[in-house]
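To start, the structure itself, in structure tokens.
Labels run A, B, C and D following the written order; every chain starts at residue 1.
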Amino acid sequence: MKIQTLFFGITSDLVETNDLEITISENSSINDFKVFLKKKYPKLENINSYAIAVNETYAEGNLILKEGDVVAIIPPVSGG
Amino acid sequence: MKIQTLFFGITSDLVETNDLEITISENSSINDFKVFLKKKYPKLENINSYAIAVNETYAEGNLILKEGDVVAIIPPVSGG
Amino acid sequence: MKRTSIKITSKKLDLQECYNFVEDDSCGGISAFIGTVRNDTQGKEVLQLDFSTYKPMAIKEMQKIADLALEKFPIHKIAIHHAEGMLQIGEIPVIITASSKHRKATFEACEFAIDTLKETVPIWKKEYFSDGEVWVNAHP
Amino acid sequence: MKRTSIKITSKKLDLQECYNFVEDDSCGGISAFIGTVRNDTQGKEVLQLDFSTYKPMAIKEMQKIADLALEKFPIHKIAIHHAEGMLQIGEIPVIITASSKHRKATFEACEFAIDTLKETVPIWKKEYFSDGEVWVNAHP
């Protein structure tokens, strides 16, 4: 299935894009997605941690993704 | 000796003046002054408490007054 | 450099003026507290408030609060402005602003300043109701 | 009646606008927190800051903070406005205002809102130095 993936802050520099369509197998969890992402973009190892939002809401690692979800890669925020 | 006495807030209503020259004996303390004041203006009993400032600074009851001091009667404040 | 701005005035207080005084390139945050005249007290409708002051002493006490805030908290500057005379509902009796490199101190300084002002500064307000007037806090 | 005002904009933030939104005749106090761009970070001179956002999600998270503040504290209204794009030293990335009948809640609500915003809202800043740029917090 196809997952639209958005990169923000330092992660957009590391992967050199803001927006990407990623194809992963059905019933993948967010944790599966993160493993896949690190394999595809080893540079993401350069940051200590990042959060994931699915459809504009923070999501836990065990959430199962579905076709059409928008996944955002959220490095540590620094607003204010 | 003569003590210029200023009344503020509710106390100026109770004594019906803002400013008064009071003559008391030499070496009077603030506590003496307060006793004198209550005798002269029994209506001051109508408020629970008031502070005294001497020359624009809060003063304790045992402070000895001197000629020319300006004493202010400070009922509970309510600024802000 | 003056690090405190103290004022008692019968003109309208100006939030931007208090902001501009404390603003500085070295600061990352500014907090402000603005007192406003409320339309009721204990369920009773208030029409207006009259603020009277023992002005020279009030200025001194406000200055003490500002100086103490600079000692107690790592703030850069602080402004404390108070109005006198008759104020209508929604008008502003007091503005306090404080600036600092980091935000925590600005909250602490503003809260300390307004709490202390309400305890020590010789300013009195009289509430006007449709059926009379009352000195606030006179009979606590 | 709308009790929250949430905004992300590339225009200058307006303190008076945030004040006016929360001001109400039933309120006796308003607190404000204004973030400002500081000219140094850990002793190094900062030239400017660039704020980028995941805007639709950032708006939602700011709304959550405002709604939670209304639940947690007895405040009447709250405004949370954030800037995006390039800001110069002294300019304002964020303004938060809260109003209440009594002042304590306004301080608590502003402090809660800015603390939470800095933890949860998907906004990122890049610091520009004379010798390069750094994403803030990227390597905590």
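Note that in this section a contact is a pair of C-beta atoms (placed from the backbone, for glycine too) under 8 Å apart; a residue touches a chain by one contact, two chains touch by 3 or more.
Computed from a predicted model, the values in this text were never measured in an experiment.
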Fewest hops from subunit B to subunit C - one hop per pair of touching chains: 1
Intercentroid distance (Cα basis), subunit D paired with subunit A, Å: 26
Whole-Å separation of chain centres (CA-atom averages), subunit A against subunit B: 73
Length of the line joining the C-alpha centres of subunit A and subunit C, rounded to whole Å: 49
For subunit D, residues contacting two or more additional chains: 35, 114
Sites on subunit A at which at least two other chains make contact: none
Which pairs of chains touch, using the document's own definition: A-D, B-C, C-D
Complex contacts: residues of subunit C adjacent to subunit D: 15-16, 19, 23, 25-40, 89-90, 99, 101, 103, 106-107, 110-111, 114
Subunit D to subunit A touching residues, read off their complex: 35, 51-54, 56-58, 60, 82, 93-94, 114, 117-125, 135-140
For the subunit A and subunit D complex, residues of the former touching the latter: 6, 8-10, 13, 47-48, 53, 56-58, 72, 74-80
